[in-house]
Structure formats: C-alpha cells, structure tokens
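What follows is a set of structures to go through.
Consider the two complexes below, in which chain A is the common component and chain B and chain C are the respective partners.
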Partner chain A sequence: MSYGTWIMLTGSLVGVSCGIIGCFLILRKMAMLADAISHTVLLGIVLAYLVSHSLEGIYMLVGAGIIGLLTAFLVQVLHSSGVQSDAAIGVVFTSLFAFGVILLSAFAGKVHLDVNHALMGEITFIPWNTLTIGGMDLGPSAVWMLGTVLIINLILIFLFYKEIKISSFDPAMATAIGIPVMFIHYLLMSMVSITTVASFDSVGAILVVAMLIVPGATAYLLTDKLLAMLIISAVIGVISAIGGYYAALVWNISISGSMASIAGLIFAATFILSPRYGLLSKLLARKSLITE
Partner chain B sequence: MNPIQVSNLTVAYDRKPVLQEVTFQMPEGKLIGVVGPNGAGKSTLIKAILGLVPKASGSVEIYGKSYRTQRKLVGYVPQRGSVDWDFPTNALDVVLMGRYGHVGWFRRPGKKDTAIAMQALDKVGMKEYADRQISQLSGGQQQRVFLARALAQDATVYFMDEPFVGVDAATEKAIISLLNELKAQGKTVLVVHHDLQTVKEYFDWTLLLNKQKIALGPTEEVFTVENLQKTYGGRLAFLDSQVSPSYVVQP
Partner chain C sequence: MFNDLILTLQDANTQWVLFGTILLGVASGVLGSFALLRKQSLIGDAMAHAALPGICLAFLLYGTKSIGWFLVGAALSGLLATYFIQVIINHSRIKEDTAIGLVLSVFFGFGIVLLTKIAQSENGNQSGLDDFIFGQAASLVGNDVRVISGVAVVLLIVTWLLFKELKLFTFDRQFAQGIGLPTGLLNGLLMALIVSAVVIGLQAVGVILMAAMLITPAISARYWTDRLDRMVIVAGTIGALSGMLGTLLSSMANRLPTGPVIVLSATVIFLISLIFAPNRGLVSKGLKLYRIRKIVARETVLQTMYDLSEEASITNKKLLFSKEELLTRRKMAVRKLDSNLKRLEKEGYVQRKEDLWYLTESGGYEAHEIVLNNRLFEIYTMYEMKFASLQFATNDVWDYKHIGSSTLHELEQLMAVHERTPKLEPKYFGEGETLRKKKSSQRAEKRKKEVKSL
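Showing the complex of A and B:
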C-alpha cells in the first residue's frame, strides 16, 4: 500500500475508535474526564517504558490502561469526598501529567519520546515504523495497535451494550436491578485509556480529545437512536481523517491538525444545519410559529 | 411473610443523619403512601432499601431475605428528574430496560420482552408513543413511560418516588388506576407522596416520616391532626380542625 493510504487508514482507525467511545463519554457527560485521561496516559507510557525498557505496543497499552483507571479512580475519590468534579479532574489530571513530564525529562536520553511529540503526535512518520515478524513486513505497527484496540472496544461494547446503555441513562435504576455501575464506569475508562494511547502516536494527546468528543457531539445532533449515534460518529471520524489528509496535502499543513479541523467544520455545519436540532431549523420553526 | 421489613435503618450524608433508627413492616397487597416534609428522608428511605445509598446501620428485608437476593421481586420508579431525557432513545427502549434484570448478562431482550414492554406501554395508555424519542414526550408522558418500565419489571413489590409530581390530570388518573390494579393483583406498592390533600383518597396505609418514623398504619387511623403536626412541626396550619378537604402548608 502507498504511503498516503497507510496514513488514511491509520487516521480512519483513530476516527472510528475515538468516535464510538466518545459517544458514551458525551452521553455520560464525561468529556472532561476524557481530556484528563488523554494527558495522564503520558505518565503510563513513560512508566511502562521505564519498567519494560521497550516501546512495544502491549506495554504501552497496559501502562496507559493502569494510569487511565488510576485517573478515573482518583477523580471519583476526590469527587465523592466533596471536591467539585471539574476541580477534581483539574487537580488529578495536571498532577499526573506533570509527574509524567518530569519523568520524561529526567530520562529523556533513554526514551524515544518527547513532550512535543506526545502532545501533537506525528502521523507522517507512522508508515515507516512497521511491524516485522519473522522477516515479514506487516505494515505500520500503529495500524496493528489501533486495529487491536478497535476490536477489543467493539467486543466489549457488544458484550455489555445493554449494561452500558442503562447505566448511562439511569444509573440508579441500573444499580437497583443489580448492574455493577462502577464496573461499567471503569470498563469504559479503560477503553478510553487504551484508545487514547493507541491514537496517541498518530494525533497526539490534544487532538485525540478532538477525535473523542467532536464526532460524538456531531452525531448527537443528528439522531435519536444510540446505535445510529455510534455509527454516525464513527463515519464522521473516518470522513475527518480522509478529508483531513487531502486538505493537508493540498495546503501543505499538519495532517493531524487538519483532521481535527475537518471534524470541527463538520460539527459547525451540523450545528447550524441539522434538520431537528440545528440552529437554522430552530429559527425557522420559531418564525413559522410567529407567522401562524 | 412481610413484603418489606426495615429494622433500625439509619442513613447519614456527610455525618448528618437523614434517617434515624427507622423500623417498620409493610403489609402485603396495600398501597402505602410515604408522607413528610422536604428533607424528611422519604426518597432516601427508598434509595436505602434498594441499596442506592449506603446504610450507616440497620437492615432491610424483602420477603424475609436481603434485597440482593430478591431484586427480581422489586420494581422501581425513580424521580422523573433524575435522568437525562435528551438521551438518544425512544419510549419502548426505556420500557425494555425494565426487562434487563430478567434478561441476564450477555443477552439481549427478545421478542417476549418486547411484547411485555408493549403491553406495559398499553396499560399506561402510551402504546402509540412507543417509537417516540423520549425528549419529545410531555412530563406526564415521561412519567407514564417510567411506570410502564416498572410494570415491565413484573415485580411483586414496587417503590415509586414522587410519581405524581408535575403530571397532568390525565396522567394522575392513569397512575391511580394502575396502582389500584397492582393492588388488586396482591402487589405491594410504596409511594413517596407530596400532596397531603389526596393521601386519604389514594392510600390504604400511610407512613408519616420526618427523619424518624412518626406513625404507620391504616390511613384513617394514622392520618390525624396530631400525627401530622408531629411530622410537619409548626409548618402546617390547618384551616379545618378536621383532617379533611383543605389545609395549607406554609413554607
């Protein structure tokens, strides 16, 4: 496959994984927690490297998963002991991220990672970092990692769909009928963590938030069905990735930046034009009410 | 055996006791109203029974066993305002959630569950609204969807948290006829209620609650001026000396 195809495939996998998991974050009003996790996984990655002395995907996923869960857990603990939830997120997120930055600078010589790369990602280099098993070149390792994470996410969502749904809509009822709401919460947070770390290399910690939140927020304006929302969000993720790649080619700009910008433009267009919840249709409805 | 047995139940939020040493047994097949001022712990009582808030002490039994093992016997109608009605789902889907406890892990609700859910919607007069997005329903319709969901739970004991708040007259009537139907089937229904004027009309039994149990028994016996004054303190001024048609609750 060509260089461009690999980049588009990588971007699309980021778009689909983030788009799907992002819907649940929006419905559970946890967009900020995703922002926090997307940053604290940096600490997970650094710790994973210091323990394993390797930058292989599996160590990164485990390290990020653990720190992602720790983030969610600490936020929960602070919140339930009386700290406001956004303040709790702010405290946990900056502390863990700062710790990650310190470790990274202390061991900078040994780790093939720098803060800039972690924050902004570099999808341009993805096609050269390939996975080779037994001398065979199997394509970019990022694609393998993202593919694995996407499959894990899809299996978990498929298995726990109704539990995730009811505990997002009505946690009290879910608890009353015996659904382990906290388990589902931490399951989702683990999924957010591994999705983030897999997307990290390609789009970086800041833009991964855009890919997590924007497609879901757009889909939310377009449909009244949960399943449709998941699918639309994934499709928007793919369109942003492919559109972003071509836009970057044409104007010679950052690929990840233009992917996130396309997602933002799609959201803006939807926000104005969506048939049911759009600004325009609301204005028209109001006008027709007045003239009637 | 008693459908609901609560012994020495104490619940505290941040060291402030909300319920103190509450003990009671509910008889089977009755409509029971729970009445008390704001902050009396009415909702907390239901939540503690269902394990939604931690108990500081005490125990709860549903038909002689812990709630954990009796979940399938219990139906729950939370306060309507406790959920986000903009969630992307329709009325039928919400009612189907009442079946989740019966379906079990890794399985989806099937045709039988859908039939039960449709029947429940029909019972509350909402069959035509099955496909309606829940944010497009009126407050009363949303409340009826919640009731239908509880019906779909196919329970023996029901807990309802303020089902009459903010509903239209038609919904109020629909809820009352539903409550009576449940009673006729021998089910026990405990309802947190706000409106003192309708207590006598709606409920066989009344629990007067203000952090502690003030009184419990058949409504005509316990719904008296003395008990109400004990429950509401000085906040209740009676226009009549009788506990009948009209009185005013002063803030």
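Showing the complex of A and C:
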C-alpha cells in the first residue's frame, strides 16, 4: 500500500474508534472527562516509559489505561467529597498533566518523547514505523495497535450493549434493575483511555478530543437512535480523517490539525442544516407556525 | 538553600517574572471565583485553548511577535469561542460539556493548522509561538510583564468597582434581571474579564494549564469561607502564593518549567485546603461524623433498651435483657454495643445482673426523653406537609423542646392515634424487676410514707 493510503487508514481507524466511544461520552454528559483523560494520558505514557524504558505500544497502553482510570477515579473521589464536578475535572487533569510535563522535562535527555509530538501527534511518520515479525513487514505498527483497540472496543460494546445503553440514558433505572453502573462507568473510562493512547501517537492529545467529541455531537444532531448514532459518528470520523488528509496535502499543513478542522466544519454544517435539529429547519418551522 | 533563594531573588529577570506571575495569580484567582460559582470553570479551559488560533492569526496579520497584538487576537478568538459555546447550547440539544469540548478541540486543531502554516512561511520566526502552548515564564521580559501587570490591575479594578453587581448576577441571575441590572451586558463583561485573565496567563503558564489558574485557587478558597468577598480575597492570595512558589522553585531547579510547577503548587494548596480546612475539610468533616456516630450509637442502645422494656412490661416480664436480645432488636457491631453499654454503666444509666442488663431509674428518664423525641420526629415525617410551618431543614437537629406548645400538642395527639406514645414512665424503671412488682413495691413505699406522716 502507498504512503497516503496508510495515513488515511490510520486516520480512519482513529475516527471510527473515537467516534463510537464518543457517542457514549456525549450521551452520558462526560465529554469533559474524556478531555481530561486525553490530557492525563501524557503522564501515563511518561511513567510507562520511565518504568519500562521502551516505547513499545503495550507498555504505553497499560500505563495510559491505569492513569486514565486514576483520572476518572480521582474526579469521582473529589466529586463525592463535595467538589463540584467541573472543578473536580479541572483540578485533576491540570495537576496530573502538569506533573507529566515536569517529569518529561526533568528526564528530557533520556526520554525520546517530546511534548509537541504528544500534543499534535505525528501521523506523517506512521507509515515508516512498521511492525516486523520474523522478518516479515506487516505494515505500520500504529495501524495494528489501533485495529486491536478498535476490535477490543467493539467486542466490549457488543457484550455490554444493553447495559451501557440503559445506564447512559437512565442511570437511576439502571441502578434499580441491578446493572453495575459504576463498573460500566469505569469500563467506558478504560475504553476511552486505551483508545486515546492508541490514537495519541498518530494524532496527538487535542485531536483525540476532537475526534471523540465532534463526530458524536454531529451524529447526535442527526438521529434519535443509538445504533444509527454510532454508525453515523463512525462514518463522520472516517470522512474527517480522509478529508483532513487531502486538505493537509493541498495546503501543506498539519494533518491532525486539519482533521480536527474538517470535523469542526462538518459539525457546523450539520448544526445549521440538520433536517430535524438544525438551525435552519427550526427557523423554517417557526416561520410556518407564524404564517399559519 | 537559603543562599540560593537570595541569589534567585537578586536576579533582575526573576524579579520581573515573579512580579508577573504573582499579579497573574491574583487576577485569575479573583475571576476564577466567579467562574467557579457559576459552574463555568471549564469555560476558562475552552477559552485558553481557543486563544491559540487568535494568537496565530495575529502573528500572520501583523508579521512579528508582539505581545499586544497577541493579546488582542487571543481575546477575540477566546470570546468568539465562548459565544459559539453559548449558541450551541441555546440552539441545539447538545449539552454544555459537549459544547465546551467540541469548541475547544476544533479551535485548538485549527490553531495547530495555523501554527504549521506559520512554521513554513518566510518569516517563520515562530519560536515565541510554541511558548504559548506550554508557557515559558522564564522568557518573560520587562515589556511582557508590564502588559501583564497592567491588564491584571485593570481587571482587579473593574471587579472591585462592579463587585456588588457581579455578586448579585452570580448568585441570582433572575433577581438581578428583576431589579433592572443589564444581565446580558454583565454576562458579556464577566466573560471578557475571564478571557483577559486567561490571555495574560498564556505566556506564563500556557494554553493547557491556564485552566488550573482559574479553577484551583478558587476551589481551594471555597473551603475556607462561605462569603464571596472573603473567597475572592483568599483565592487571590492563593493564586499569588502559587505563582510565587512556582516561579521560585522552578528558577532554583534549573530544568523545571515554570507553568507546571505553578500549577502543582496550586494543587498542593488545594489538597491542604481539602484535608485541613475548618468545617469543610475532610478532617473536620470526619471528626464531626465520628461525634455524631458516637451520639447516635449511645441513643440507639438506650432506645433499644426502652423499646424492649416497653414490650416486656405489657406481658409483665422482667425488664432484664441479654446482649443477644438487644442485637436482634437493632443490629449493631458487638464491640460497639459493648463499649456503649460500658459507657452507659459508668454514666449510671444501665446496670447489669450477671449477663442481663437493665435501665436504672435515671437511665429510664434519659431513654424516655430520647424515645419521645424520636417518636415525635417519626410522626413529623409522617405528616411533614401538615407541619411545614416548622421549616425544619434536612440537616437540622430535631429537638421537641424547641417546638411551640400548640404544635407539640398536635404532634402528641397524632402520636397517640398511631399508638406510638412511650407508655412506660421512667419512674417504673429501677432494678429490672417486672412492672407489677415495681408498682406494688412503689405502692407499698407510698403507704409506708403515709403511715409515717400520720
């Protein structure tokens, strides 16, 4: 496969995994928690490196998974000890992120990781960092990692679909009929963490947030059905990835940044034009009411 | 260590930076308090991220690095982002947190696009722009600090002048509107103030961590006081303190970046507040809880003894009870029951005959009071609407002695209707004998007294 195809494949995988997880985050009103996790994952990666001295994907996944869960847990702890939830998120993610940055600069000489890379990602280098097993070139390792994470996510969602759905729409009822709501919460948070870290290397922390939130929010304006929302969100993720790649080629700009911008444009268009929840249709509906 | 500190303080550059970060801490602490109380802390985060494209655009248009134009660009795009967030919340079914995350990430992504564009352009002298992402307090020069402190002072003065209006607007927007305050204007003004605080902080602590400067000092201050004026002062002080600590620590340990160290100092202050603050802190809350549990356990034991005595007196059994009986009536840890019985024995309220326990006469009085109080409370909760005039809040301590006599009478009547009146009078407690025996012995005593007086 050519260089461009690999990049588009990577971007699309990011778009699909993030798009699907993002829907649940939006429905559960936890978008900002995802934002927090995407920042604190930096600490997880740095710690994983300091412990294992390697940049292997599996260590990163474990480190980020642990820190992601820790973030969700600390937010929960602060919230239950009386801190309002937005402030709890703000305090936890900024301090963990600050700690990560400090570690990173304290060990700057030894860590082959730089902060800009972590923030903005370097999807351009993805195709060169290939996975070879027994001398066979199996394609970029990022693709393998993203693919694995996507499959894990899909399996988990398939297994717990009903539970996740009920606890997203009606947590009180879910608790009443005996669904382990806290378990589902932390399950989702660990899915967010591993998705974030898998996407992190290719697209960076901030774009992960864009890919988590924007496609889901767009899909939310287009449909009322959860399954449809998941599919639309994944498709929008792919479209922004591919569109972003071509836009970046044309104007010679950061690929990850342009993916986020394209996603933003798609959202803006949907926000205005969506047949049911768009600005325009609302205006028209109001007008027709007035003329009647 | 101390010499290091002196040396650091003598450095002119450090003095500038110190001055800048302290003023920044004060301004962001003060404005963060308002954002926090309006539950909009994370909007500050969005503003900070959204400032990036503004800074880049200012650079593209103006051509070189200029703090003044950067501030203007950052403020404009920050305000635009806030406006978008409001529009999305007001005109679609998307909730606040999603709207914030969406605008934040798209603006930041666009900022990165612009940043790469600048890097390739002719005058790609963009080294100063990268600083805005993580902040580079050490690179602050006299001119930057002058701008930062000028803006900070203006922000503080505006807040001081409009304090009453902002306070009213923060706590009760409807009321503020009702008495004719221009709430739309105030909202815009507050947003503009917060954006300005964010913007002047960008160079020192960076886009990502600026949110902490707004949130952490404010939430720490919230633990120390319930009054807005004091909270604002405390938050400003904490902001200044963390700015100072962060700057000094990072300039003494060479490799540490200032912004994150400032944020971590603020976090440490927050943790101290969270744990040790009077009234709201975890330690004092824990102590309070411990005290209440102790009182409740003691009351529970007395009440259980009374309940059992009441039942036993009907069938004329002895008023003596084993620990097992107490435990089956009301579940409780055995050790807790033991310690409470021991304490009550010391107080003279209960006594034991071998393995059986009974209420003494003074214990009877105490238990009767507790049971009466609790049963009246039960009746109150049954007829809560009827007694709404009591204005009893959830966390108030219920004490029937503070209730007016007519209401109390009503409650007592209802208690009689439900057959919950404590039937066993305290004077019938004593040695744990049966009610009949006690009554007859009391009668005998009475007769003896009468005979004597005759």
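Keep in mind that, in the parts below, the second predicted complex is superposed on the first by the 292 of 292 C-alpha atoms of A that agree within 3 Å, B and C clash if a C-alpha of one lies under 4 Å from a C-alpha of the other, contacts with A are read in each partner's own complex, and residues count from 1 in each chain.
One rule holds in what follows: contacts are C-beta pairs under 8 Å (C-beta built on N, C-alpha and C of every residue); 3 or more make two chains touch, one makes a residue touch a chain.
These numbers were taken from a predicted model, which means no experiment stands behind them.
Steric overlap between chain B and chain C is present once the structures are superposed on chain A. Look at A:I253: by the touch rule set out above, it reaches chain C but stays clear of chain B.
Chain A is touched at more residues by one of its partners, and among chain B and chain C that partner is C.
Judged by the touch definition given at the top, the superposed model places A:V149 against neither chain B nor chain C. When the two complexes are overlaid on their common chain A, residue A:I177 makes contact with chain B while staying clear of chain C. Using the contact criterion defined above for the overlaid structures, shared-chain residue A:Y220 touches chain B and also reaches chain C. Legend: residue contacts after superposition of the two complexes on their common chain; A:V209 is shown touching chain C, with no touch to chain B. When the two complexes are overlaid on their common chain A, residue A:M191 makes contact with neither chain B nor chain C.
Listed for chain C are the stretches 19-27, 361-369 or 379-387, of which 379-387 clashes with chain B, judged after superposition on chain A.
Applying the stated touch rule to the two superposed structures, the overlap between the chain B and chain C interfaces on chain A comprises residues 82, 220. Those residues of chain C whose C-beta lies close enough to touch chain A in the complex are 36, 39-42, 44-45, 49, 88, 91-95, 97-102, 104-106, 108-113, 115-117, 120, 130, 133-134, 208-209, 211-212, 214-216, 218-219, 255-257, 259-261, 263-264, 267, 270, 274, 280, 282. Residues of chain B touching chain A in their complex: 14, 47, 50-52, 68, 71, 74, 76, 78, 82-84, 87-90, 94, 97, 100-101, 103, 105-106, 108-109, 133, 135, 149, 153. Interface residues of chain A, counted against chain B in their complex, comprise 27, 82, 159, 161-163, 165-166, 168-170, 172-179, 220, 223-226, 228-229. Across the complex, chain C is touched by residues 26, 29-32, 34-35, 39, 78, 81-84, 86-87, 89-91, 94-95, 97-99, 101-102, 105-106, 108, 115-116, 119-120, 206-207, 209-210, 212-214, 216-217, 220-221, 251-254, 256-261, 263-264, 267, 271, 277, 279, 282 of chain A.
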